[in-house]
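We just call them A, B, C and D in the order they show up, numbering each chain from 1.
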Amino acid sequence: MAIRINPKLVTAIAKYGAEDVQKCYHCGNCSAVCLHADETFNFPRKPMRLLQMGLEKRIEASLDPWLCYYCGQCSTQCPRGAEPGETMMSLRRWLTARYDFTGISRLFYQSWKAELAAILIMAVLTAAGFLLYGFSYGDLRVYDGPGAFLPSSAVHIFDWAMAIVLVLLLGSNAARMWWLTTGSNKKIKFDFWLYVKKLYTLPLHFFTQKRYADCESRQPWKLHLWLMLSYVTMLVLIMFFLEPMQAGPDIRWSVHALGYAAALGLLVTVVYAIHGRVKKSEVHMKHSHESDWIFLFMLVLVTVSGVLQHVLHRAGTDMAANIAYVVHLALVVPMLTLEVPFSKWSHLAYRPLAMYLAEIHRVALPQPKALTEPAELMKMAS
Amino acid sequence: MSYEPKIVGFLCNWCSYTGADLAGTSRIQYPANVRIIRVMCSARIDPTFVMDALAQGADGVLICGCHPGDCHYSEGNYKAMRRFPLLKNLLKSYGIEDDRVRQAWVSASEGQRFADIVGDMTERVRALGPSRVHSTLLADQRER
Amino acid sequence: MDELKIGVYVCNCGTNIAHIVNAEGVKEAAAALPDVVIARSYRYMCSNPGQEMIVKDIQELGLNRVVVAACSPRMHERTFRNACKTGGLNPYLFEMANIREQCSWVHADKLAATEKAKALTHGAVNRVRHHEPLDSLTAEMCPSTLVLGGGIAGMTAALELAMAGHPVYLVEKADHLGGNLARVDSTAPYLDSARDLLTERITHLRENPDISIMLNSQLKSLSGFIGNFSATIETNGGPNPPERKVIPVGNVVVATGYKEFDASRITHYGYGKLPDVITSFEFEQMMRAGRIQTKSGKPPQYVAIIHCVGSRNQEFHGYCSRVCCMTALKYANEIKSALPDSYVSDVYIDMHAFGKGCEDFYKKSSEIKTLFLMYGKNESPVIRKAGPNDDCGMLIEVDEKLSGERIEIPADLVILMVGMEARPDAGEVARLVNISADKDGWFIESHPKLDPVATTTDGIYIAGTCAAPKDIPDSVAQARAAAGRILAKIAKGKIEIDGVFAEINEDRCSGCRMCNELCPYSAIEFYADKKRSHVIPAACKACGACVAACPSGAIKGRHFTDQQIYAQIEGVLA
Amino acid sequence: MTEKKKLQIALYWGAACGGCDVAVLDTNEFILDIAAAADIRLWPIAVDGKYKDVEALEDGELDLTLFDGAVRNSENEHIAKLLRRKSKVMVAFGSCAHMGGIPGLANLTTREEILTTAYLTNASIEPGNRTVPCTETQVDGLKLTIPSFYKRAYRLSDIVDVDYFVPGCPPAPDQVKNVVLAVVKGALPPRKSVIGASERAVCDDCKRTKQEKKTKHFLRPYEIIQDPERCLMEQGILCLGSATRSGCGVRCPDSNQGCRGCYGPAPGVADQGAKFLSALASIIDSKDPAEIEGILSRLPDFVGYAYRFGLPASKLQRSHRS
């Protein structure tokens, strides 16, 4: 049964970043240089073809874009300047929008204004919420202990509430991803034990991103890993050690040491990333989608405000610290609520999940045979 | 020493002779039994040549020209094509075995084909054994 | 004639011959043959010392026949003939035995190869005994030229010749000049206007006094031979009855062009049934009219261009028509600039983008987001009307090679890139001017690489797409080349005719006229008064068809006489 | 008047039908002049003369021998050699002596087949008669011999050195005159030449008009009402005229029959049949192998047609069946 192609998709995808797709004439150099491409997951060439022809269903069902870490080798090697690397990136954005049932993600990727507006509203609401809470139960001049403006216990409960919402949102999108790529695939029959057996790959790729390490240059991997670990560390501290973190003014090295390291990691890597994107110093930084900028700047602001409220508190200027804290929360809440499920950050879930599902595909799908023998190729040709 | 057939080949200059040269330049091996005589066009090949070759002791005769439609002289090979069945008919009446005389089209680019044809023909003629024409005619002289 | 003195020279060709064939043995065998006064073997006979050896022997030993056993005569016959000439011997008193290409290079068995080499040499010696000294003839060269076809090639050739000051008759079948180019809007890859090209050519043509343009005209017959043709041209000027004109010409340029493939022959394209399936030439008309639209007058949202219509397909024509790929890209560009919101799908087999600027043009075309879709040879797409719910007029179903998917391509307008094919009257033209056409009807050049403009008939040249599909630059180049060849001949004044041709012994000819019809070059004329046939040496190409066919042995094929061949047969079998 | 020595001549028939001898008689009154001017020393068909008389002659005593018929048995050969020895001028007289003639067609079969047909299987053999001639037989203790029958027929020139050839089946009567007169006058052409025939083919003397030739079908004479003005070949009727030496006076074509080629090949032609084949096939108007086969299939027994008078003179001379 023939499937209808959609020449319009290529134009549509431009909004997600890929503008040179149609330049590709399928020499296959990109897939040849990519260390991650193989017969089963033949990218970037194959997804590029699907994109050119606008076979959306096929793309939805494909894990390929997530298996790419965007080292940029393909783009450097491309004789046509078709930017396969950036196309993979754009496909990830497009897929993110596809997985997200709310449609918010699509909105954000297609209009940065919308995204920015959403962030502002969220920020205002958050700020308003916490100020109201603070003034009704506490004293702006008290940072912690009895009568604190924003007692960490309360914030802690709020954090957990928010976390649960986010996990639900992201989880449901991830579930959609599973359904589109694997669940709905007739060729892959559900095998519980297989899922269990391969489960270890999920944390493995999440924490090590070892495949990224395979890429031609290891530098991007190191930075990415550092950023990710710093972020996770900070997340863990906030989710489990918020009280000790906030207590003060004296420094508790047991938790703060980690906090400082994480903050430093975040700052350095993000600033490096921004600088790189401004200077376009590396292949994978040549093209920047609006969503990339928003993400990075939010991250910077959040980190800085976080550090600030901490320093002010240690310095004993509680009122200033409280104000900084409110600002910090007004930044961090929109960032988390909007970025994690609907934008760039979602890949922290999608990518490891893709790796995990890929393992399942490899086992469950009939493996296409590698055509290495010229003789075989001839046979195919004739 | 086993019998080695002698085959006379009449080749047109433009396709077949060039094809045979190509077999040479591409070092394609074939039996040394064929002795090639060059004519400008297969149309020049007088049936008398074939009979003469047989009378002179050839065990086989091969006639090669350009493929129909590709003649350097536009239609010469068709003349050869028209003569051949009648010649075969005549040779049959003379009791000459079918495999001894053959006509084939070989283009300038078909070195391999030429080699194959010679190889195949040599085997067929070898299988037939030596031609009796020359010896019978000699024997006839002895009878008188 | 005085006694024969034959010299035999066996070449070792370095080791090419000697490593398989025992050259010394061949030499000795030859030396033992009657009339052989000297036999030598040498490292390289074609080298200067080798040739000098022959010259010296001719002069000192008074050789009157020379045999060289070496490579193929197609390789070095001329070399050694010249050597004989230098030695003062008529070059035709020479014969070659091919003991390299047809011996040492194709046999591994040294003994057998040597025996064969001896036999071939023996044959050559036998043959050369019967060789006769031959002299080449000369004939006058008429400076005017007949150009058949008023397309870009014909016009160019005519101009080139006329600008050198020689009379030209430009014969065009249609009532206007320009040929197929006149039906084209612009040209790939630079999108220059075809009109400009034509006006430039035509104005020059009309201005030039040496060119007589004959429209509505056709060649009816051509007799004679190079330098001395006489052509009958029939002009059919509308109401008044056709008038015939006989003109003397020295050379002929055939530039009769091509005809486009009839797309309706491929039924599953629905050409002629689906209103919005059009040929490339119909699209050119649209471009010239300046409006790209469907039959219903709407600008198309989806346009599909299908390549290789009738080309590269065993069912129709196996060859590539060479210009369609770039023309298709031209359309993609024109459509995108005229209708920026349209989507162009380019459905091709392979993209042939050779030639100046073409690869860049291909890249440019992909930059404007043309969607390239690849289909396989001999499994061409199927076009059908779309359903009511589709946002397009037609759907093209095809196996897409690059994705391996069976797909449907939306289309409101489908352009079929119809290939080139030989004109239906090509066979007739070939017959009239005595040249040959290949299985596809394209005229055959004298040598595909080394002599692509001449034909096997002296004085007849081919230019443009009548020889094979070509783009404009190539057609123009070939036309100028043909003109150049002719100018060289005209400049020479006289033409030399090789000494090898058939001649009829009038004392033997009984006027049966068996041979008359056989000559592909109509070189045999019949003298009704004498009741004798006669061969025009200049027109004869020495194929020997008539020689073999003459039932009373009255025709002699010079340098390929019966005696020579009988002797050679005897030799190779000895 | 002084006693001038009369011309000494002999006529002999080898494997022949006698038509040539009749041709001599057909010279009408001239035969009387011959009789007057010459002593006929041997002429088995007409004059009583014995071989021993010939053997008794001096070598070269005969001025002229007209030998007709092919050489098919030891007697033919014996007499041929004998007459050669005895005569100054040896003439191969008529197609059989010249080229083997009709008896030559037997070369397509074997001696055994011929004897079987003639003496055993032939319808006219009386039932039960199994007599087959053999070179030697014992009858009542006596040894009888007859000439041995050769494997094939030969031309006279295969057996002895022939001075002149007079072609034709039979030779036209005036050719006989020419020969005799030539010998009488001593005005003989160079040895080995063909006397009483032209250098050109029959078409040269043929009155019919000739056009360029192309044919798609061959017809038997009874299949069409033919145009007496037009070349027979162009009408699809086989005619060997173009491949045959003229001199007969175009007897067959003038009587609306295709020339049968009895005068043999034109000078310089090595093999009459092959050459005719070459010409004939060349003018076939077709490029399609199948169609060509079809057209040619209308020529039954081509060998018999092309070599009716000259099989032993052809390149291959006889059947080579094993």
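Note that a residue touches a chain if its C-beta (ideal position, glycine included) is under 8 Å from a C-beta of that chain, and two chains touch if they have at least 3 such contacts.
Source: prediction; values computed, not measured.
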item	value
Target chain D, source chain B, minimum contact steps	1
Identity of the most central chain, Cα criterion	C
By count of C-beta pairs in contact, the leading pair of chains	B-C
Chain of greatest Cα-centre distance to chain C	A
Whole-Å gap separating chain A and chain C, where each centre is the average of the chain's CA atoms	65
Cα-centroid distance, chain A relative to chain D, in whole angstrom	110
Chain centre separation (chain C, chain D; CA means) in Å	53
Interchain centroid distance [CA atoms averaged], chain B/chain C, Å	29
Per-residue multi-chain contacts in chain B, two or more chains	43, 46, 48, 52, 75, 79
Per-residue overlap in chain C, given as positions that touch at least 2 other chains	518, 545, 548-549, 562, 566
Junction residues of chain A - those touching two or more other chains	none
Chain pairs that touch, as defined at the top of this document	A-C, B-C, B-D, C-D
Contact set on chain D toward chain B in their complex	71, 77, 108, 150-152, 154, 158-159, 270-271, 273-275, 277-278, 280-282, 284, 286-287, 289, 292-293, 296, 299, 301-304, 306, 314-322
Chain C to chain A touching residues, read off their complex	302, 343, 345, 351, 362-363, 366-367, 369-373, 395, 397, 400, 402-403, 405-410
Of all residues in chain B, those that touch chain D in their complex	43, 46-48, 51-52, 54-55, 68, 75, 78-79, 81-83, 85-87, 89-90, 93-96, 131-133, 136-137, 140, 143-144
Contact set on chain A toward chain C in their complex	1-5, 7-8, 10-11, 20, 22-26, 46, 49-50, 52-53, 55, 58, 80
For the chain C and chain D complex, residues of the former touching the latter	507-514, 516-518, 526, 531, 545, 548-554, 562, 566
